[in-house]
Amino acid sequence: MDKRQMGWNKIREIAGEQGVKTMEAVQAYSPRLANMALEFGYGDIYSNDTLDSRQRALVTLSSLISQGDHGTALIFHFKAALRVGLTKEEILELINHCSGYVGFPKAIASLNLFQQAYSEFENEREDVSLSE
Amino acid sequence: MDKRQMGWNKIREIAGEQGVKTMEAVQAYSPRLANMALEFGYGDIYSNDTLDSRQRALVTLSSLISQGDHGTALIFHFKAALRVGLTKEEILELINHCSGYVGFPKAIASLNLFQQAYSEFENEREDVSLSE
Amino acid sequence: MDKRQMGWNKIREIAGEQGVKTMEAVQAYSPRLANMALEFGYGDIYSNDTLDSRQRALVTLSSLISQGDHGTALIFHFKAALRVGLTKEEILELINHCSGYVGFPKAIASLNLFQQAYSEFENEREDVSLSE
Amino acid sequence: MDKRQMGWNKIREIAGEQGVKTMEAVQAYSPRLANMALEFGYGDIYSNDTLDSRQRALVTLSSLISQGDHGTALIFHFKAALRVGLTKEEILELINHCSGYVGFPKAIASLNLFQQAYSEFENEREDVSLSE
Amino acid sequence: MDKRQMGWNKIREIAGEQGVKTMEAVQAYSPRLANMALEFGYGDIYSNDTLDSRQRALVTLSSLISQGDHGTALIFHFKAALRVGLTKEEILELINHCSGYVGFPKAIASLNLFQQAYSEFENEREDVSLSE
Amino acid sequence: MDKRQMGWNKIREIAGEQGVKTMEAVQAYSPRLANMALEFGYGDIYSNDTLDSRQRALVTLSSLISQGDHGTALIFHFKAALRVGLTKEEILELINHCSGYVGFPKAIASLNLFQQAYSEFENEREDVSLSE
């Protein structure tokens, strides 16, 4: 299987159909950026299992909170983290932990984004179970 | 036990006698900053076990790499991560993972710092076993 | 008085009832993050009077502008700065000063946020005087 | 000609009437910040032709993407870049290039902003040609 | 008096002969960058007295600590802050305050730089009094 | 030709034998990080000629200056920029341009690094011509 297909499989695994749609939108406007994100980002980086999906989610979220991400990436990755099995309590504690390393403004801004992401995640789960 | 003492215990647990000495040097110059780092940083944040020490190390390292830390904090926390049980392979993979989220320059700069930290960690372990 | 109560008092003093409500919303979703912000952030840091409230406001605002804060924290702290007595002219000059240290994009982005914060501050003051 | 007038001329040249209006809005609220941006930013920096407008646009956009600009400055400068002659393809490739140096989250966030900027640029061009 | 001369006067006032030498070294290698820093940075920004030198020092230091400055600028501006009259205690408290807004790693890194700057400042003062 | 080999060819082209050695050192310690940098960073990103090497150098340098790179990456890429044909004057003007977008501290810090890089670049060129 080539790296691009591995990337699509990985994004579906960790971010679900919503994640696939997000990447399809990137691909529609900039195929080359999407292909690099799929082949390198999801295909190559995630192909290695020295760290599992939950550990990777901790690393990704801490990086985005520390960068002061606006929300696009944080909401996507908060939902992916819940999907791969981090609990709400673990993510809240990750934000608490970050407050000592990046300060309260970034911690509180990311808490607001997590509230939005968690509520979207719950609604999307309901939609799935209702449609089954 | 009060929070400050909990902070000293935690810093000894995760960073060893070298970590204690680093904090004592901060305390000698700025007692109030050291006390806040001990009571809040190590006493309060680390007192909660929703995330264990290895998960916290992943979060801390990702935050420092993403901030472009100069080395003071990264070397301290690379060594602490090894001490609480992250393997060399897991830390190298954490750096690989970060390359997709913060770019190669910060990933490679942190690899250089990890080489230094790993070598110090190995030497300090030898010193301990030789002095036993 | 314990640190958490000192924190609530301080947030009421510098940020008013709106500030208290903001922190209550954080507390409703993540009690532990709110308690750390209150005990350490507002209780401990602000308990020392080596720097007064107006000096602390200059430091806080410069930090947030330099971090490229999205607005949540900047609007809160612009209003707190006006409340503790920094004038509109002093805050505009702080933004001017920052342009040389962080560049024009962050200076102009924070000017836009200050316009919004100043207008909210004026309206909230009117509401208070109308309700008296 | 004095530097401030040179600044107005330069901003009209690279950012058009929309750019002039943006700076007039800054000037209406903070004349001193606008004058510094005009005299130093546009008057002084851009007065030197060692780098041409298209090269400066590459430098400006890369800086804003790397800073994680929220959008205010990026949308303004994406449109200015198109106006001075960078093609859509060159700007998309600039974003691709940045993905290796700042990571995918900032690259994808800036792609979203570029979509908005490009569409505004096209509409404004139509408006001009319709009004001619 | 022209802005460049105002810039030289201001840099001598706030940073002393050492500060003048630092800027002369910039000027020797890149006259245009030095002239922009003198005319805009020191000549224009500092010409306004809505904020006094001590207030500007608080703003500058907070910005540099929040940016994770490597040391070149922080050591220069820590010494300038002491020179314009901020006390050692006020600067230590500024660092304490920043720990809540940018996290402990940047606070502790800047404490290390302040130790170096303070010791240089004391030595330079002795040199001056010995040479009198 | 596979992407990894394309990466080695590109790094040799833009950064010379010194650049190859730098990447070999990364590979010796972390083969996977080096392979990702070669295949994705140099093999994939640089394989596209919508932007030429000199334009890419402007983008890379602006990104690194804006991130406050410590020097490892900036010195490498300043030398690569000279090698692909940016002149000393163009790079100095790039730094001048950045001063308005990221402030003077990062501009002056990068000027210091450029002085070191330029002098290394000149010496390495002499070594090559002497050994011929």
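Read from first to last, the chains carry the letters A, B, C, D, E and F; within each, the first residue is number 1.
The definition used in the following text is that a residue touches a chain if its C-beta (ideal position, glycine included) is under 8 Å from a C-beta of that chain, and two chains touch if they have at least 3 such contacts.
Fair warning: this is a prediction, and the values are worked out from it, not measured in the lab.
Between subunit A and subunit F, the least number of touch steps comes to 1. Common neighbours of subunit A and subunit B under the contact definition above: C, D, E, F.
Each chain's centre was taken as the mean of its CA atoms, and the one lying most distant from subunit A is E. Ranked by separation of Cα centres from subunit C, the top chain is F.
Per-chain Cα centroids separate subunit C from subunit F by 41 Å. Subunit D and subunit F have CA centres that are 25 Å apart.
Put simply, the C-alpha centre of subunit A and that of subunit C have 31 angstrom between them.
Counting partner chains per residue, subunit E has residues 32, 36, 40-41, 45, 48, 63-64, 67-68, 70, 92-93, 96, 99-105 touching two or more of them. Residue ranges of subunit F in contact with subunit B, taken from their complex: 26, 29-30, 32-33, 36-37, 41, 63-64, 67-70, 72-73. Of all residues in subunit C, only 68, 70, 92-93, 95-96, 99, 103-109, 111-112, 115 touch subunit D in the complex they form. Within the complex, the subunit E residues that touch subunit C are 40-41, 45, 48, 50-51, 55-56, 58-67, 89-90, 92-94, 96-102.
Considering their complex, residues 99-105 of subunit A touch subunit E. Within the complex formed with subunit C, the subunit B residues making contact are 32, 36, 39-40, 44-45, 48.
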